[in-house]
Structure formats: C-alpha cells, structure tokens
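The data blocks that follow each hold one structure.
Both complexes shown next keep subunit A, but they swap its partner, so subunit B is in the first and subunit C is in the second.
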Partner chain A sequence: MAEFTLDCLGEACPIPLMKTEKKLEGLAVGDILIVSIDHSCAMKNIPEWARKQGHNVEIDEVDDGEWEVVIEKTK
Partner chain B sequence: MPETGQASSGSSIRRSSTSSRRKPKKNQIPLGMLVVVLMVVVGLVQANREPMLGFYWMMGGVFGFILQKSRFCFTASMRDPCITGSTSVTRAVLIAFAITTIMFTAIKFGYASMGLPVPGMSYVTPISFATAAGGILFGIGMVIAGGCASGTLMRVGEGFFMQILSLFFFVVGSLVGAAHFGWWKEKFIIHGPSVFLPDVFGWVGAVVLQLLIIACLYKAAALWEEKKMGGSED
Partner chain C sequence: MCAVKAFFDKLGKNETYVKIFKTPFTYLTGAILLSIFQVVSLGATGDPWGVSGTFANWGAWLYRLVGGNVDRWYYFSSAGAQAVLDRGFLNDPGTMRNLGIIFGALAAVLLASQFKIKKIKSKKQVVAAVVGGFLMGYGARLAYGCNIGALYSAIASLSLSGWAFAVFLFIGAFFGSKLLRKFFM
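Moving on, here comes the complex of A and B:
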C-alpha cells in the first residue's frame, strides 16, 4: 500500500499518459499513484485509459488548470 | 468537466500524505462574464465595419469553446489507437465526418438543384502522392507538437505554455509553406486528378458511399479497441 507520485507538470499529451503507463507497470497491486498534470487533455486520457484497465481513478483539481489523477492499482 | 470542484469530497481511494495542501481557488466566473461581454462588444464593432468579420469572430469563439469543452482532438484520434488502443476519440471524429458529409452535401446539392454554382468547389483539389506525403509530415509534426492546428490554438488559449512555442513555429512553418506553395503546386500537385464524388457516383451515391466507408472505419475502430484493450465499456 505504498503511495507514489509522478510529476508531469508542463508535459503535453501523450507524455503524461505514457509515463503513467510505465510507472504503473512497476507498482504492486494496491499501490497508489498520484500523477500531477497541467495539460487538460491528459486529464481526460489518463483516467480513461486507467479506468479501461480496471483501476480505480479519481481526479482532483488542485488549482486552476492543474490536476492530480489518483490511480489505485487493482490488478 | 464534471469532476472539478467537488471531486475530493466522495473519495474512495485512501491517500496518506499528499492530499492536504489545498489552496483556495479563485472564482473565475466574474472574469468569464467580462470576457463574454468584451467578445460581444468586439463582435458588434467588427460587424459594424464589415458584417462577415463579426460572423467570423463569433464562429471562432464558438468553435474554440466547443473544442475546449469537448476535448476534441484530431491528434489523439490518430495517436491513441497506436499508443493505448483507445479509439473513443477516433470514433468521435468519424461521427463528426459523417455529420459534415451529410450537411455539406445538403448545402452543395441545394445550390446545384437551383442551378447555382456550387460553393466550396475550390476545395476540390487534386490528389497525388503529395497528399499522402503531406499527411505523413503533418501527422509527425502534430504528435511531437502535442496538437494539430486547432488543438494547438485551443491549448494556447487554455494557457499551456509549451504550446505557445508550437504556435510560434506553426506560424513560421505556415509562412515558409505559403511562400513555396506555388512551386509545389506547379511541379507536383496540379498533375494529380481531382475527383468530386457526386460527379462520379451521383449525389445520393456519393453520400451513401462515403457514409458506408465511415461506418466501416467506425466498426474497425471499435474492433481495434476491443482487441487492444480487451472490451470497450461505452
């Protein structure tokens, strides 16, 4: 049940998504990954991808135009 | 964006440390209202000088708003199938193509049936290997830049700083391209055949054929996602 963060601030699509994909691969089931993004389309495609993979996902707008995507690895 | 604002309230994922820091957000609605009022004023001033300018201004604003809210992204429609296998944006683009096919054919047919010159025929340009080569170059560029023309403009408007760089070189490239276009046109483009589908298949035939092709692509996109991601949910 470890918690990890991934800083993708300032990176455009599809870099945040690909980094998330890679990072999540190395985590254990039950671990939580928090991805910081400020590219609005990553706010759409990271959750979409992660949900389709079956993970639990939440989006948190921490500031105007800045989000944290919280992913709980479930498998 | 349904998640914004109250997203943190119904949290089912338990986080330990990083969730505490939260700045109070500024209310952007008054500023938004001000921008709307300014846009209307500028639009009216423009329309007074030249009616079409006001129309363009309005269309630009509406277009940008829809683009931003829908997250419609031509880049993602071509890119996501390759990197994640998701084709939801691809299918959205195909639906948009189907709708425009019907609408534009209706407009053109309307003019043709009244015996008037069909509008927009200058866009029926020759096809050749130059079309494909240009498409590939544009595709490479838009994936690196993180957006096509409309996408880059929209994200600059959102305040994503890196893409101001994209916009700058987009302008530079367009200028260079425009300056050289005559040469390319004369040497390569003009030699290709130009096809206007209604001339070949008739008005109904052209629409049916185009919609059939779009339907096939849609089906292929759905199957692709199923194969790559193991079943689509929507």
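Moving on, here comes the complex of A and C:
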C-alpha cells in the first residue's frame, strides 16, 4: 500500500496518459498513484482510461488549471 | 470587495454554472454543437469552415506590413486569393472565425477558472513545437487544408477527398505517436 507520485505538469496530451499507463504497470495492487497534470484533456482521458481498467479514480482540483488524479490500483 | 468575492464564490459553486462552464462537455454534445456551428458558418460566409488557410493570409498581410509583396507567389496568384488579401484583415470571415476561436478559448478557460501559464519543461518541447508546427502548417498548405478544411468540412460536403485525407491522417498519427514514444517517454 505504497503511495507514488508522477509529475506531468507542463506535459501535453497524450503524454500524461502514456506515462500513467507505464508507471501504473510497475505498481502493486493496492498502491496509490498521484498524477499531477495541468493539461485539461488529461483530466478527461486519464480517469476515463483508469476507470475502464477497473481502478478507483478521484480528481482533485488543486489550483487554477492544475489537477491531481488519484488512482488506486485494484488489479 | 467582500460582497463581490462572495458573489463569485457562490457563482462558482452554482450547479448550472459548473455544468455549463466547468465540467467538460461530452464528445456527443461537442459533436452536435460543432455540426450546428459549421452549418451556421457555411450559411453566413458562403465558405465551408476552414482554419489554416486563414493563417497563410495572416502571414501574407504581415509580409505586406513590412513592405513585402506576395502577388507573384503561386499560392496567392489566383484572383480569389488576391481579392481576399485586398479586402484586408478585418474584412475576412476566416479572420473573424479564427479570432473567435482564440478569444473564445480564452473566455472559456477564464470562466472555468482554469487559466494557467504552463512551464516549459525541456528544450525538447520547444524543438518539437517548432518542428511540429512547421510540418503541420506546411503540410496543410500542400494538402489544401488541415483537419478542419480538408477533413471535417470536406466530409460534411460529401466530398470523397475528406475520406482520402482521413486515411493519411491516421497513417501520420501512427508514425507521430511512435516518435512521441521515442522522444518523450
């Protein structure tokens, strides 16, 4: 149940999604990954992808135009 | 001041406001709105919606501003292209549409309070943006349109050329994503 972060600030789509896919692959079930993004379309495509995979996802708006996507790996 | 701040804090939490200005539209809503507005645009201007052709005209106007002349350039040599250039920047429907996109995007991001000036993370991003922008702009002129004029508007006008453009767009996107993986992952 470890917590990991992934800094994707300043990265445009689809790079945040590609990096999230890669990073999540190496994590264990139950681990939490917090992805920092500031590209609004990543706020749509990362949660969409992660939910389709069956993971638990929450989005936090941390500042103007800045979000944290919190993903709990479930399988 | 406090009353103003309280008003906006309240407005920002208003359900309808959040639904319209903050939450992204679904792809379906976006598609329907795009379809409606491209019909309006076609009716109002007489030309199908295009984006990148106007940028070439902006370049020509800028060049004229510093004393250049594009009258003999093959791309601008037709009577139609000359007429558009002679009418000027402010009398061009394409200019209005593109300014509308730019200022509309700014208004949308401000209404959602999501405006942010993003940091440049690496020199690679600058190189990719410049090279990518050049290839997109140059390619769009060679193809007589970008993914709006040559794809979207062509298909909407029942032209086969739009579908041919789509095939090559996918081929380009395939190799583009390979490059992305190679240089940015």
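We adopt the following convention: the second predicted complex is superposed on the first by the 75 of 75 C-alpha atoms of A that agree within 3 Å, B and C clash if a C-alpha of one lies under 4 Å from a C-alpha of the other, contacts with A are read in each partner's own complex, and residues count from 1 in each chain.
Please note the rule applied: contacts are C-beta pairs under 8 Å (C-beta built on N, C-alpha and C of every residue); 3 or more make two chains touch, one makes a residue touch a chain.
It should be emphasised that the depicted structure is a prediction, and the values quoted were computed from it without experimental measurement.
Of the two partner chains placed around the shared chain by superposition, subunit B and subunit C are both touched by A:Gly10. Of the two partners subunit B and subunit C, more residues of subunit A are touched by B. In the superposition on chain A, A:Ser40 makes contact with both subunit B and subunit C. In the overlay built on the shared chain, the residue A:Lys19 is in contact with subunit C alone; subunit B does not reach it. By the touch criterion stated above, A:Gly65 is placed in contact with subunit B and with subunit C alike.
Comparing the two interfaces of subunit A, the one with subunit B and the one with subunit C have residues 10-11, 14, 18, 38-40, 43-44, 63-65 in common. Put simply, subunit C touches subunit A in their complex at residues 24, 109, 113-116, 118-121, 125, 177, 180-181, 184-185.
Subunit B contributes residues 1, 3-5, 7-8, 11-19, 21-23, 25-26, 28, 68, 71, 73, 75-76, 79-80, 83-84, 86, 88, 143, 145-147, 155, 158-163, 229, 232-233 to its touches with subunit A in the complex.
Contact residues on subunit A toward subunit C in their complex (touch as defined above): 9-11, 14-15, 18-19, 22, 38-40, 43-44, 63-66. Interface of subunit A with subunit B (complex): residues 3, 5, 10-14, 17-18, 21, 32, 34, 38-41, 43-45, 48-49, 51-53, 56, 58-65, 68, 70, 72.
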